[in-house]
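Structures given as structure tokens follow.
Next come two complexes, and both contain chain A; in the first it sits with chain B, in the second with chain C.
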Partner chain A sequence: MDTALETSQQKEKLLKALYTLQLKSNTTLQTASPLLSSQQGMGMVTELQVQQLADKTKTLCRDLDDIKNLLHYRQDELVRQIPNPTGSRYGCVSGIHCSRDGSIYVTAEAAPWVHVLSSTGQVLRSLPCWQTGREGGSFLPEDVTVTRAGMVAVADMINGAVWVFNPHTTPSKGEWIKIGKLGSPRGVGVDSTGKILVADYAQGQVCSFALDHAFRTLNICSVPNLQGPRYVSPAPNGGFVVSRPPRIAGMVLKVFFPSCCSSAESGILIGRWIPEQSSAVILAVVHFPFIPVQVKQYLREVQQVTKVSVSVLGSWNNSKQEKEESLSEFLEDLGTIFSHEPWIQISKEGDSKFWNCSTLQKQPDNHREEEIILVYYDQRKVMLSHLHPPSDTADLGAEDASKLSAIFNTVASSKVLFMTDRYDDGPIKMTHWQSDGIEASIIVELMKQASVPACMLLTFLLSLVSGVCNSRVLKFWPLSFLWSKLSTCEQLGHRLQHLQVISSSKKAQNQTQLMRKANIFVSLLIDVALGILLMSWLYRKNQIGHLADTLIPVADHVAEELQDLLQWLMGAPAGLKMNRALDQVLGRFFLYHIHLWISYIHLMSPFIEMILWYVGLSACLGLTVALCILSDIIALLTFHIYCFYVYGARLYCLKIYGLSSLWRLFRGKKWNVLRQRVDSCSYDLDQLFIGTLLFTILLFLLPTTALYYLVFTLLCLLVVIVQGLIHLLVDLIDSLPLYSIILRFCRSYRLAAGVKFRVLEQQDGKPLRLLMQINPLSYGSVVQTYRLPTYSCYPKDSWTSLCKKLFLGELIYPWKHKGEKQD
Partner chain B sequence: MVCAQVETSPRRCWQKVLYERQPFPDNYVDQRFLEELRKNIHARQYQYWNVVYESGVVVQQLCSVCVFVVTWWYMDAGLLSPQGLFGAALLTSLLGYVLFDAIDAGVGRRESGRTRWADLKSTLVFTAFTYGFSPVLKTLTESISTDTIYAMSAFMLLGHLIFFDYGANAAIVSSTLSLNMAIFASVCLASRLPRSLHAFVMVTFAMQIFALWPMLQKKLKARTPCCYVGVTALFALVALVGLASVSSVGAVLFASLLLSISCLCPYCLIRLQQLKDNIHGPWDEAEIKEDLSRFLM
Partner chain C sequence: MEERRYRSASGAPLALRCRQHSASCRELAVRCPRLQLRSLSAVTSAVWLAAYGLFVLCQNSMVLSAAIFLTLIGLIIYLHFVKIDQESLLVIGSLGIQVTSSYASGKESTTFIEMSQVKDVVINEAIHMQKVIYYLCILLQDPQDPQGVSEVVPLFQSSQPRLDCLIEVYKSCHEILDQRKAASQSDGVK
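Our next item is the complex of A and B:
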């Protein structure tokens, strides 16, 4: 990616420089040429300046030549930017040459012309390619170049000659001169010494020769053993470069071959042909001997079950010994029995890694050179893996993904095909992937059978429980209010839903739902395991007793700390100017509350241990339930703090609202409810008096109330943050897709994000061999994809609205907005 | 004339309209340009003694603030007993109440439709609320520094003087805000007094001097100008004497302030009025004379 970006930037820079140069010189030329032609003298231009310019131009031209020469290797891209001068009548551009003066020489396929274009693509000149003095002496130039002498030379494959255009023979017309007798020249070029290089396509060599004044060839030499050279160009180091003709990319045939079948005996290949991608997914090899009718029958059956169009794609020849002529003929004949287009023939000789691959086309007119790519894939992994993102959510624009998913789906849905055992005495013998652990799968089958009644029992119990939960007795106001505020109840309800999902007899419709079920199951299991671990620790060494013994002093201590805090507030806290009378009243009010609270706790203390003991039993329902109970206990034990917060907030809110409306009265304004705006208003004298009196009083009392509000809000927020942390932990356990994570860890191929191809060893003349490997999904996206939904409603109001609420003294309910302090 | 001259020529007469395309540049004006220039259309010619008479309102209000502050000073110093002040205030209030109706022989009361019962109710509300809140007022600013209170009161009284409705038609005038600021200042000052009864009397007195007294003044000024001049002079004298008993320097300064407001400022106004040079013409912004408020509804 980076190199591409760099390249494009570099290109842009080069083009810009060239363009600026051209533009500047063009405009200068336009200005200079009339001036120089008409006026006498050189104006203010000195001789030195002219000299410098000439020198600079020389170096510049040299640089440009270098760049141009280097750019020769990228002719195709350059050509694409220039419109084809012959239009669409003939084929596309076949040869191009860029001369030193900046003009471009272009030849087109099947067009007897050489066009000379300016650098911007306008046709300057067109040279007709026909021999003067002869009727029908036209020829088709393949490639074009300009010799050192400035003459155009073209390669003509049909006549097997190189033509050089001599412009000096007959005035104004010029003449083509045929040079040499070469085999089939296609590319032509001029090297740095001025020799003409000719690429001979059929003979696979490059000839080079020099031309003298009478157009006789000198110093002919050739470089043989090249494979079909198409174009030739001089390299900067004095050598030359040839190019092979490009193959048409669309015609590459991809054969996905299961690596487990590589040692299978000879037979026929069955699989699915995907015509849009011209790829064949081979699923199995059917061995000899077989009866074609039975094979067809079998394939039909498979097709009905799997809904995948499985067919015979070709033949497979695994000959350990010498090549048997008869067998290969027989294999070709098979193509007529099982008609498939194209008929793929793969043959393996001995232990060679490199296989022969060929295709047979029935239609004779369809003669195209086909390249075959062999892609090995692990059948088991591909069958078990699940491509992400799932195809129903992926947008159709992702073409590559859909291509891959077609292959993945084909392999995955033909699971039935792999069920047939190697040792079955069926009419057809096949090789494909087979699972080895038949004994283990018996256990799995037994468990599957046993799980059905277990699930039914669970469902029955769950329906009973949910029936009790939904009964009308528990729906009355105070109880339902209580249930909705206790997080334990919420968590229990959530777990109940999970159990219902697991035990439901409905089959999971797709992979995602299956994963969801598995994730819920694993999360439940781990939750319960952790809960039981906690319980065993709690009940082992009378930890409950210790806990109860520490809980009461802690609550007492908190109350004492609060008392101290109130005493401090009742003095002159932090040197603030408080209203002494109001301060005393509020302080005494809160102190009385704490007193009540302490007596309540002392009343409770004998029973605390028993309550904890019973509550601890609930840990067997899971760690999350235990944590929720802990959170609820914290909420109950700090209820007095919440009460203080509510009193403070209410008082503060009253003050703020009173002050804001009285401030409007103070200015002689009022809030118009109908128009939702502040209007001016004329008040009576007594209204004004009382309003201002109250305004003054509220204003001077505000700091005292605000301080109490601030202190208790901070305390309340502290408690809420502790609760929020606990709930964050609960949410983590609830929502983490543990099964998916374990799967990703142990069987990374099961969750595929895509595939990567590794290029295997190559041999010339043999098809390209690739190994398809599965790219596992990253952990982050695993969590993101399979995250389980949690019940706790996340904060709907943002930080700003929270701050606004805090400022205005509106109540913040801790039970509905648990997690919001952390997010 | 110019027009006629132009009409004879093939060129058209220039018109001061935008809706027609005319063969003149955009900034073209003809010779009629300054014909419509007018000067000092709205300038009024003031009579010196009239202006002095009108400045009486300002003098009165300054004196009210002065009297209030001096009274508070006496209360704070313990020279004036709250009972005495309350009695005097009550007496003057009753006198003023009678005078208020007597001046126009009850015409104003009939027009406003306000009953005596409503007056009594308002009085009761004032008294009850002030009396009820006086202990709160007493302790309200205990912890706040005296200097802060003084500064706040000074600002509020200054605001009262600035926003007071002296009869001018300006945007800054707001009698509500003015009265509220005075009440705020009185509550602040009252909270510094030694006992809650003091605070109660102080706030009541503030109501009388800032709310009731200007109403009576307005009526006096409208009905009996001679009497009004006398009352103003007397009131100013009372304020001066009161201030002199507290601080002689302050009294001198205050007297010079009053004199400059009632004599010097009108003289300056009239002198400067002669220098007025307002030009009016068609370039003025349009002024909507008609009351369009009925269209706004």
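Our next item is the complex of A and C:
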């Protein structure tokens, strides 16, 4: 369907008329038809014709509804967007005028053309704004209009004139004629009497004049005292209306100035201009004398290496004595050599704290008072610090990336720029934070040199050790089972992994990897130091002997206590009455076990001291290893308690299952294994009899078994808790990022959570002065970010499932290690 | 720079100080009431009396030294981590908003939120137990969804000024925030 507005409107009108006609005629016909049908043969209207008419109007009404819906839903298509005829290179469209024949005249911001478009958006022709003759040159039209005579008139602010296009000159197709010397004409219009109205922005007035056939101005009159009229349009009866833009501050210009350059000599400022944020990050000041070509070449080299677009941003004038006029003029002229938009000029007089900061704009059409904020920053600290959380510049575009990370990145990537100090004999003399001498540390350099052979040696040793560990000899069943149960082996494997990470010859790619390596190194160092301390304490004054001497009596004591406990259980514990026979059986069984255990301990007693002496040597591998060994010794010494727990738990578990199954039998039900549900079942009489009998027996024996189970579970849990605490301590030592914490304590600016601004003293008329300081990360977030991963996981059972397992007598393994097969 | 008196939600007297550093930079500080000597001496004497009573019971002088130690440590922890002296808001148009809390021991904890992350500053009301309290908060923009809010940062949490004070702060903030909206709009039109 044709969506041209006019035709749709006409159609709508037509259909509306038909609609009303249909309604009216329908009612008329309805009332008339019975009369007509009774008067047949009168030649007027038959019923069939009435029917046909009614159908026709119905279809026409449907069409009307369609049109209405179409207009409603496709409204947006009625508004057509015509793209900028000059493309995007010259800025957006500014002046627009629609002539009587429907053609549109547009001008773009910085393009020297007037485009004539049809109402559908096609470019009919483009008039180039070119002045012919000796003073040939193009001009930029601001606003466009068409005079009564059909000639195009444009306002040109830069040349202060109104140009009229005369299409009838020969031999060319037409030329532009300059009219008058006006101040700064920005808007142009034609009023109802045919006179041309011009809005003069700078002088604040609207002038109107008529043009005769020789293009001379006649009857000039003006309306003064208008503040900054921009566009003018005619009103009926010879008046006019103007529009005035508000005087709002444009995007504020932020200048980041390094505090080390505050006392530098006069020169030019180099840094990076970030146009999206309207901020200039100044990296250094280049002093006189310099050759502009060399400076440009140097900047190009720096740009290639650092991938940061470094350029000359402005000039810095530090006049220690009186104001040097010639220098300031010279600095202004530099703006033309190093063309940069906007050209920043900072000047400082004597020792004054308040500096003058101004910008030079090439395009004076930005009649906005730009506010300037001067932000001082400590270049060394900003360069060395890292922002957390690290922003992923690959994901976000330049607009989304935070301003601060852009500034930090700029300073951090410009390391190459800071490598030249003032003792270098280069063509360019700069001032930045390292210009007084490059910072370096002898210790760091020595360590860097020593680390390479040390790493290689360590890698070789580690490969030997891991080769031995992975040999087939150690993979046989009893040994591999033992290794997996001992926590010492886990810890040793963990530390081996750490050593491999440190000794790898690949350099750390980014900040997190570097911190991780450093954390592992410091953690290992502290671990080994504490271990050696422990060892020195153990081996002094024969502590090992004392320990070995007390070990056997302690084991005996524990065994005795257990025997007393069992005797108590075999009697009437806590006043409960137990089943005498079962009690005696279980008690004697456990007593025999303890007796066996004590015999084995006594068998080993002469060798204990020697074993402990050699095992104590392994404390030099680290405090964590010593603690793991302690935990393993505890596990071995209380092995019998664990055995008792397993026996008690299995017995109890068996009893509970038997009881539940017989309870079902008691009620006449059965567990259907296939369907995993309880079904009813008809038992024989003898099955029921035996079942009930067994059920009663088991039920009355339950308290005894339950008591033994409870006592030994509690004992086992006690041992498990002690072991768990030791493992917690080991985990803490393993995972604490000591290097990061020390760094946060000593050099807090290296780990930055953000920045903070402090407002310095202000003076009216001077730009706003702020000091940007680094906001360090809190200790909690340091630990959270740089925590080292550990190998053990904490109890995965929740409390309810734990209780359920205890009640049912299932064995619990609360401290499972990662990588073990699940039960 | 003026200072006006207001009240907090619990009735304690507060002082609001508004300072204009430049056309687009404004600092608003709410000063909380200081630590009262009365309450400090009351707590100290209560603790020491209890310690003396224990000493009389068990005749162990460790109790007394422990009480002194505890009081000192408690006071230091309170001044350094709990008692907030002043909460201030520094709004710098086109840079961001900085929220500072200064504690009684002189420690200052600062957070700076960039202007591109700030969606709006609003006054919200919350129902706390039996009363309705108003609080000023900053809405942070969700980077993925331009209409969504990713986080709400409440301001003046420990001083809790009443609605009249919050309205003053709100108006001050919005004068500067609206400048940036106007600037962005005019840029778009141009």
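Things worth noting here:
In the analysis below, the second predicted complex is superposed on the first by the 547 of 823 C-alpha atoms of A that agree within 3 Å, B and C clash if a C-alpha of one lies under 4 Å from a C-alpha of the other, contacts with A are read in each partner's own complex, and residues count from 1 in each chain.
Convention: a contact is a pair of C-beta atoms (placed from the backbone, for glycine too) under 8 Å apart; a residue touches a chain by one contact, two chains touch by 3 or more.
For clarity, every value in this text was computed on a predicted model and none was experimentally measured.
Once the two complexes are overlaid on the shared chain, A:759 sits against chain C while remaining clear of chain B. In the overlay built on the shared chain, the residue A:688 is in contact with chain B alone; chain C does not reach it.
Once the two complexes are laid over each other on the shared chain, residue contacts for A:101 go to neither chain B nor chain C. Legend: residue contacts after superposition of the two complexes on their common chain; A:212 is shown touching neither chain B nor chain C. Contacts of A:47 after superposition on the shared chain: neither chain B nor chain C is touched.
On chain A, the surface touched by chain B in one complex and the surface touched by chain C in the other have no residue in common.
Residues 572, 577-581, 665-668, 682-686, 688-693, 695-697, 700-701 of chain A are the ones that touch chain B when the two sit in their complex. Chain C contributes residues 21-25, 27, 90, 92-95, 98, 100, 110-112, 114, 116-117, 143, 179, 182-183, 186-187, 190 to its touches with chain A in the complex.
In the complex of the two chains, the chain B residues touching chain A come out as 122, 125-126, 129-130, 133, 136-137, 139-144, 174-177, 179-180, 183-184, 187-188, 203, 207, 211. For chain A in complex with chain C, the residues that touch the partner chain are 92, 245-246, 248-252, 254, 278, 371, 373, 396, 400, 402-404, 754-757, 759, 762, 767-768, 770, 775.
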